[in-house]
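Got a structure for you, questions after.
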Amino acid sequence: MAVIEATDLGKTFRVRRRAGRLRRRVEDVVAVTDLTFGIERGEMVGYIGPNGAGKSTTIKMLTGILVPAHGEVRVNGLDPSRRRTEVARNVGVVFGQRTQLWWDLPLVDSFDLLRRVYKVGDGAYRESLDELVELLDLAALLEVPVRQLSLGQRMRGDIAAALLHDPAILYLDEPTIGLDVVSKARVREFLSKRNAERGTTVLLTTHDLDDIEHLCKRVMIIDHGRLLFDGGLVEVIERLGEERTLVVDLAVEAPPLSVPGARLVSLDGTRQRLAFKRSETSAATVIAAVAAAAEIVELTIEEPDIESAIRRLYESGL
Amino acid sequence: MLDTYRILASARMRSDLQYRVSFVLFTLSQFTVTILDFVAILILFGAVPALAHWSLREVTFLYGLANLSFGIADLLVSPIETVQQHIQTGTFDRLLLRPASPIVQVIADQFSLRRLGKVAEGALVFGIGCRVAGIHWTTARIALTALSVVTGSVIFSGLWVLTSCVCFWWVEGREAQNALTYGGGFLAQYPLGIYGAWLRRLLAYAVPIAFVNYFPAVYVLDRHDRLGLPAWASFAAPGVALVVVIAAAMAWRVGIRHYRSTGS
Amino acid sequence: MRVYVEVARRSFRRWSTYRAATVAGVFTNSIFGFIRAAALVAVAHARPGAGGLSVKGFITFSVLSQAMLAYVGVFGSTDEIAERVRTGDVVADLYRPADFQLWWLAAFVGRGVFQLVGRGIPILVVGAVVYGLQTPATVGDLGLFLVSLLAALLLGFGVWFLVNVSTFWLFDNRGTKQLVDTVTLFASGLLVPLSLFPHALGHVVRLLPFAGMVQTPAEIFLGVSTGVHALGRIGLQVAWVVALFGIGRYALSRATRRVVIQGG
């Protein structure tokens, strides 16, 4: 059974715009429309799209902060807009850009406060805290006031804070933003471990596609309020990243190469770049054709990266 | 709910105590800033023997009742006004994500013992007023006086919540709220008779500040200037308080609903 | 010099974007002006000639002082330096090739000019429409008033700067700010005109810098203080401006020697 289900979900905002000096025009702006998806227990899903695409509006509707204009949401079978607090007990949220920790108090105090707000029992809290402290390496930081923590330390603290009540669902909004490479790796490692061991369902929005590559098998892409793609990460790359590039360094400068099934992307001295599609021709065929025309000194094949693949997807609109 | 309030409020107190000098100065100045209002009254009475036919002793009682009620509301409920900052900076979402009442979270998060300075001042002047105003104490007068502290606090608290709700629609309107909360508290320090007719109607009846202290005081001090209202006006405060609370609760619910349908 | 003009202009423009907040402020200050006026009018009716002002004079005083409140920055000026000290951003300011104090003076003046135009003048207009206000008797009075008004802004800066610089020592300047606001409220004439104070107290308070923030310009506006007397008062304002500026410079130089950055 899907733990998160959205059916024809939509939200429209009414905004007043200045039109002339005094007049205001009322406009309806569609933030999200016709959103339908289901997320199974234990899935880790990457939710990506440009700024203003409707990601946070979606999350707000999934958590019950926003009431949908139409369509339906079910989280653990409950309608979050009607039963916000019940849903909240089973959900953890991390906003990378802002902390929910108490700035002037030692980290452990924030944990203690939150467990009381979430009404976590003594035993369960101790167990939960011990585990999180160990996995996120927080032991040395517990007595440090939050304002003195580094960004990476604070983020680990925030993640622990969101998981104290052992929620079945975790929403992460840019959890690695601004972190250094080591901290990023640490956060990712923790998240995949948590997911594997506890079966926590994770929905992750991020601009860092490394996060997605490391953590998510499934990706949902949204733009202009519409779901453009929902499927495997591999599929994203295959469907959109099927164009590969052959880079050849020739022995002497040569006129632009002409190879059937490939097109010349750039010519820079002795280096030429040829793009070709997986479905139309093979690397071997292209290389053979180039070798027949000129003397090759060096060659490499560039695979498309996910970032450019997705960028292309935004541009083409699929 | 009370549990959440207590827990979050004590966290805020611990934060506050990290800046001890500031804490002490703040508490002190809370006391001072309010006592200065009374000093102002003393200065005015240095120039004239009575204001709207009320003597200094009577005004002391009136003022004490107003400031004690205001101080209690200020201590326990006034941080609700920070809901505006929560909405403006987006942290209100975070409060809605937790399984606890947002109103309790907003208030408790900015709870501050420093505001005790104000309560202390109100209590002090109120105590003096009770002694010097020449009240002929009867059971009814004692009961009404005690009850008035409670109903007065409730009315001010309700006004605070009610006026805070404005920011659900008008985020930048925070300061207009001061006119009704602090303005109301200030207005209640003087006998109603000094105000012009329209101000009296607007700020005393529409915003029922007069029921906080003026009408009860008229009975307790055995005066008769009810400004056109019948004798039972002196005992109407509980009903007025109830109406204010209901109005505040409704405004808050509508405000939250508006926020959750517009996200701003 | 160009850079400071630019800072002032930016500051003006920044404050002018808070339109709704300004409207709310005009509303609140006007209400407070009316409430304070009511108490003073009651005094004027009970004892004509008290404090050297007519009924209209008292009303004008109340409205004018509320109109100047935001301009001189007593309440409602944001403590930007304090905020930057808390976050540690202040280090960047100190390394800027511009004078730290002058930089913030320019920002304060830009803000003040906006508060005068966007807030002060509308408050006067509201007051004039509702009550009808007294105006300066001669062009000379008006000229002296404008000079005194400028001095009031610089006094406001001197005090504001010290309150902010105190953050270098206390990390949290809310206590100092509240205390200074309290003293200002009382000693500037905002709460009760200094002319109603008991004689000796009034004389002492008039010697403090706070009197120059409201009482002095208001009395010149109302023609209570004219000619040589007014020039003497303005002289005192200027002396305090110079003194506060010097103290601020000294405090800043001490503070920068012990910059401790929070959290960094």
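For reference, chains read A, B and C in written order, and residue numbers begin at 1 within each chain.
Please note the rule applied: contacts are C-beta pairs under 8 Å (C-beta built on N, C-alpha and C of every residue); 3 or more make two chains touch, one makes a residue touch a chain.
As the structure is a computational prediction, the values presented were derived from the model and not from experiment.
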item	value
Pair of chains ranked first by number of touching C-beta pairs	B-C
Most distant chain from chain B by Cα centroid	A
Centre-of-Cα separation between chain C and chain A, whole angstrom	51
Mean-CA-position distance for chain C and chain B (Å)	27
Whole-Å gap between the CA centroids of chain A and chain B	48
Of all residues in chain C, those that touch chain B in their complex	18-21, 23-25, 27-28, 31-32, 34-35, 38-43, 46-47, 50-51, 76, 170-176, 178-179, 181-182, 185-186, 191-192, 196-198
Footprint of chain B on chain A - complex, ascending	13-14, 57, 60, 63-67, 69, 81, 84-86, 88-89, 91, 93, 95, 98, 100, 102-105, 109, 113, 116-119, 145
Chain A-touching residues of chain B, taken from the complex the two chains share	3-4, 7-8, 11, 14-15, 18, 90-91, 93-94, 96-100, 105, 257, 260-263
Residue ranges of chain B in contact with chain C within the complex	19, 21-26, 28-30, 32-33, 36-37, 39-40, 43-44, 46-52, 170-179, 183, 186-187, 190, 194-196, 199, 203
